[in-house]
Amino acid sequence: MLNVGIIGASGYAGEELIDILLSHPQARINYLAAKIDMSQPITKIFPRFKERTALICNNEIDLKEVCTKCDLVFLALPHTVSMEFAPKLLAAGKKVIDLSADYRLKDVSLYEKFYGVKHKDKARIKEAIYGLPEIYRNRIKPAKLIANPGCYPTVSLLALAPLLAFNLIEPESIIIDAKSGTTGAGRKAALEFFFSEINEDLRAYKVNAHQHMPEINQELSFLAGKKIAVTFVPHLLPVNRGILATIYAKKSNKVPPKIGETSPAKLAGTKSQSHKLLDIYKKFYKDELFVRVKEEKEFPNLKDVRGTNFCDIGIHDDKDKIIVIACIDNLLKGASGQAVQNMNIMYNFPEYTALL
Amino acid sequence: MLNVGIIGASGYAGEELIDILLSHPQARINYLAAKIDMSQPITKIFPRFKERTALICNNEIDLKEVCTKCDLVFLALPHTVSMEFAPKLLAAGKKVIDLSADYRLKDVSLYEKFYGVKHKDKARIKEAIYGLPEIYRNRIKPAKLIANPGCYPTVSLLALAPLLAFNLIEPESIIIDAKSGTTGAGRKAALEFFFSEINEDLRAYKVNAHQHMPEINQELSFLAGKKIAVTFVPHLLPVNRGILATIYAKKSNKVPPKIGETSPAKLAGTKSQSHKLLDIYKKFYKDELFVRVKEEKEFPNLKDVRGTNFCDIGIHDDKDKIIVIACIDNLLKGASGQAVQNMNIMYNFPEYTALL
Amino acid sequence: MLNVGIIGASGYAGEELIDILLSHPQARINYLAAKIDMSQPITKIFPRFKERTALICNNEIDLKEVCTKCDLVFLALPHTVSMEFAPKLLAAGKKVIDLSADYRLKDVSLYEKFYGVKHKDKARIKEAIYGLPEIYRNRIKPAKLIANPGCYPTVSLLALAPLLAFNLIEPESIIIDAKSGTTGAGRKAALEFFFSEINEDLRAYKVNAHQHMPEINQELSFLAGKKIAVTFVPHLLPVNRGILATIYAKKSNKVPPKIGETSPAKLAGTKSQSHKLLDIYKKFYKDELFVRVKEEKEFPNLKDVRGTNFCDIGIHDDKDKIIVIACIDNLLKGASGQAVQNMNIMYNFPEYTALL
Amino acid sequence: MLNVGIIGASGYAGEELIDILLSHPQARINYLAAKIDMSQPITKIFPRFKERTALICNNEIDLKEVCTKCDLVFLALPHTVSMEFAPKLLAAGKKVIDLSADYRLKDVSLYEKFYGVKHKDKARIKEAIYGLPEIYRNRIKPAKLIANPGCYPTVSLLALAPLLAFNLIEPESIIIDAKSGTTGAGRKAALEFFFSEINEDLRAYKVNAHQHMPEINQELSFLAGKKIAVTFVPHLLPVNRGILATIYAKKSNKVPPKIGETSPAKLAGTKSQSHKLLDIYKKFYKDELFVRVKEEKEFPNLKDVRGTNFCDIGIHDDKDKIIVIACIDNLLKGASGQAVQNMNIMYNFPEYTALL
């Protein structure tokens, strides 16, 4: 039985972690902490867990206690707070899955620009493994510190990876028009998130200036083997959870290079490239349980992924452009579900445990 | 042209007052103030008013300026703040319509108990006229200080007035199960009103302890001529605006007394009392434009009153009980619409001006 | 491994049954049918189940196939359709859990009045066991035919059972003001359920005329040992799922009779009756996993039961009245969750299997 | 006083027309008809209009009656139905504002392809004036037959007109990612629009295949003076009303040509083109009351245009791309508001009458 702790248990990501881990047959939550006034049963904060757990959520973090009780710690903390705890936990030999952005960006100057603070643990950034299993599974397995991906990056990267892997689009043409439910903003008191301000509304925000943009650019650049800068416009939806990204890119006219042992030509056989997009996606993700590729002329919608760890992807071939529409539950595949998926990989549990 | 000012212009009630008064042919908004960081065009706070007004909203209240510019001032302030401004405005000869609760409760001890502060202007409480036109129109006309009714009281009183006027129910049996949209809570940053906390949820709150309960009791007692204490359970709905109250009361078996020149017998002719409820309501409200009585087996719903100053009422005769279902837009008939209705009465404008 | 079938798999209750049963370690869905144009993978109807099941949903019901493949059949059919299938399945020795109302009402004349059709299987009505485990667990265990309770009755009965069991209220005073999400209406094309007609709206419907009222009356009468007729006003909420019932009743002044070996006096010790309501509820439900009694001044809300099989109950002692507020997920404890709970009881699986 | 009729009064566009026209001081609704079972007061269909009108809505259209009673007729009918009525009304000397698509597309083959029917009144297509006042005001004034623009085209054209007029973008690069509330689909019984199917969901639909796409292409081509084919992906939002379009286009590097007496150089003075986008928009729309251009880094949102006839536009200069975000109320500026704006122009009423 793996003993885990959750620091930052009172937010939306923390809530989902608790929900998943209470159903996990090989893991046991052994420690909870959050920025709250006083220690209390977690069911005071989330009454929905009553009858499922009697765990206490601590208001102060006793690192010795954490280290005694846990083998693995989830940090579901705001950005800039995780980097205070991660080094100490790692030094004590614990494994850490960090749901914040603190260890995601390899270029510390981008982190400092987009998050507005000095990084306090620069040395460890390059050791952190970006926890997107569909791309980095092999590196996740032995990792000590997982930088769990952001929600927008997760959906964007899964949507674009096959196109970049096979060089099917012009990388500089990528436009990501993303729409997210409000839990993506975290659980906080703010007038702009007052029910009546969000309900019956839709707005774009941080137009081409969102902090997830450099994360998307970094990972797409790794995939493409060259520097990519996307156009990224997030919108705030009047729904609780879910992200849908509608992505536009210009087709490339280059010959797709071989990647590993596979090439798109092989994948797609003799059929014309334009009709073979779906096949390429299906083969690219054929061993990935949590990515579901839709059939032709079918497109994903939020309700089919809500409450699941799936990423659904639909593809439309539009003359000189490719349109990819993808969606996830921002709190699951976009945060806590993916964090547990990473845990399952690290500890050799079946990857889908507690996630189906 | 009547010159009016609005103090507390940045809240939901203030926003609606601006919206209504910008369309009022006989009134002109001449002053706006709110608790904001710096003076700014009101369109910075409410961009929806762009192209309709260039008014500046002040961050500090210059009473001299208010008094120079305005004949009538609307106080759309939080409870306990109005009573600081009303006395000074009245002393300067201005008329005041106060949308807060500060002058509604005649029994100051109830005010102090339910609002948790000492009252600072007790003397003026008894001069204030409770601004429910359908009941107090004649007193509103010459009034200097209007205590504009609360949203729950408005819908409850209009729903119950005919029954109490004609002594048709046992007053101690009244149960008001009310459901309100979130704007009723005011416009404020609070975790409990975060979109994802309210959306897809319903909850009862302040069960039989809401501050509007003594106001309902006071006014019902006036109507009944004896002390009444209702059971009152408000619920928070995941909608922006609107209140629907479902009200239950036991039928009285007393002979209805004459009221003025009318008696239920006269009203209802020879038909049996139980079948004549609708007729009683229709006659009670026959001169009231803003009260609409539904036909038999029809019941009101929020969307038909949303954005209007109407109160819709449906009645069901249930053996020994009467069920009354009534609804209003909490920001209009329950606040700003009624405030303008009161203004129209005070200044002899047609009562519906800017309200249809 | 228990083999089960679901007839009526394309509705909301069917969808939830599939979701639960796919996670059930001791049961396997072996047959699906629904009123659809042609047989097709269930994932065509509910794409959310992709990668979880490859089951085909049949468009015609082949009873021989059902009986070969299944030990137990869930009928998630519209009212009046179940009674065509149940007799044949039972005759073939299969067990049946019927989610419709066809076998709930013992008084067939009430069924025929409220559902508007002749009953075709009257003889079997009295054999059917009303599947509310908290009340009828012992009868459910050996049952062949379960009449799975309606959503409004489930929440109402669980809320009122302790009060009636201990004779704490005047039965004729019960008022149930219930609010339900739209999935309660079933999954169907109807203008009145068009998104824009429901969203931002609230309405009462079937005021004291809802078909669940005789079901509530029947079961409350059994509990009270005398004929009860409640006042019941359902409302349609702009949420997908969940029912919250606010229930009002007058306190009884009778001495509570002994029930089994327990009496309220024993339960509540020496404290005054009025303060002991919570204790009575807690003891009444102390062995019931799926009923959670809130602490004093705490009340349940939809989001804490959404997606769960719990019924949350809060109690308020209001002088001469008792107010009980209870809620459930209408599709789980109010339909499919309770159906699986019944199955678990019938087959000696731990009662919570696949339900936590 | 202008006498107007509305045919198709029972849909969402009809409802809004009634709402606006009841407040119009120079127009009087004199005739209503709709596809309903029997003639009835319009307040039976829309109880919200009670106390505002006693008009009867006819279930059969008596053309003689229409022509006797009305000078102008609004056709708020489904596509393909308008073309049956318009010819007869025009022949009788009446003016017609058609809210359907029947007279919008100049290329009848596109109409027949996208609407799936033969056109029955081809000759009149070229006489119809496309009723977008900001572009075609002079032609609208004397028009007999107005083809009132679709909702998506209205917001898209107003957002793009300045860029095309001044040749600032590469026309073939235009991507329109549009998000619409559900009333855009009309008022109809359909499972896909059942509340629970839309609520908490988001989906793309008719990806690059929506019937409004040829309309957008036609009008953009007129503006650009060359054939344009946009990429157009509409999405269905869980809100009642409003459309927000996020539009992406590549900057042109051509020298902007003179247009009329104005050129962008003149408009923008000596400042660099990229910083002058806002100025260009502001000057392009400086005489247009119903187009509001946001300041730098400000973007429009649905709630600021809901219930109004405004189109709000925000612009972002993104290196080689321009991002334009625009929104309207789909039922007002996108349908009935614009129809009345056209009527006001045709009859020389102040253009904003009944629309502010």
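Lettered A, B, C and D in written order, each chain numbered from 1.
The definition used in the following text is that a residue touches a chain if its C-beta (ideal position, glycine included) is under 8 Å from a C-beta of that chain, and two chains touch if they have at least 3 such contacts.
None of the values given here were measured: they were computed from a predicted structure.
Enquirer: When you check each chain against subunit A and subunit B, which touch both of them?
Expert: Common contact partners of subunit A and subunit B, which must touch each of the two, are C, D.
Enquirer: Counting C-beta pairs in contact, which chain pair has more, A-D or A-C?
Expert: Contact tally favours A-D.
Enquirer: Going by C-alpha centroids, which chain is farthest from subunit D? Tell me that one.
Expert: C
Enquirer: Centroid from C-alpha atoms only, then distance subunit A to subunit C, rounded to Å. What do you get?
Expert: Result: the chain centres lie 38 Å from each other.
Enquirer: Can you give the whole-Å distance between the Cα centres of subunit C and subunit D?
Expert: Here the centre of subunit D sits 48 Å away from the centre of subunit C.
Enquirer: Report the inter-chain centroid distance for subunit A and subunit D in whole angstrom, where each centroid is the mean of the CA atoms.
Expert: 39
Enquirer: Specify, in ascending order, the residues of subunit B that touch 2 or more different other chains.
Expert: 197, 200, 238-241, 300, 303
Enquirer: Which bits of subunit B are touching subunit A when the two form their complex?
Expert: Touching subunit A: residues 12, 181-183, 187-191, 193-200, 238-241 of subunit B.
Enquirer: Show which residues of subunit A lie in contact with subunit C when the two form their complex.
Expert: Subunit A residues touching subunit C: 23, 46-48, 50-52, 200, 289-290, 292, 294, 298, 300, 303-305, 307-308, 310, 312, 356.
Enquirer: Of all residues in subunit B, which touch subunit C in the complex?
Expert: Interface residues on subunit B, with respect to subunit C: 175, 177, 179, 197, 200-205, 207-208, 231, 233, 235, 237-242, 244, 246, 248, 297, 299-303, 306, 314, 316, 318, 321, 323, 325, 327.
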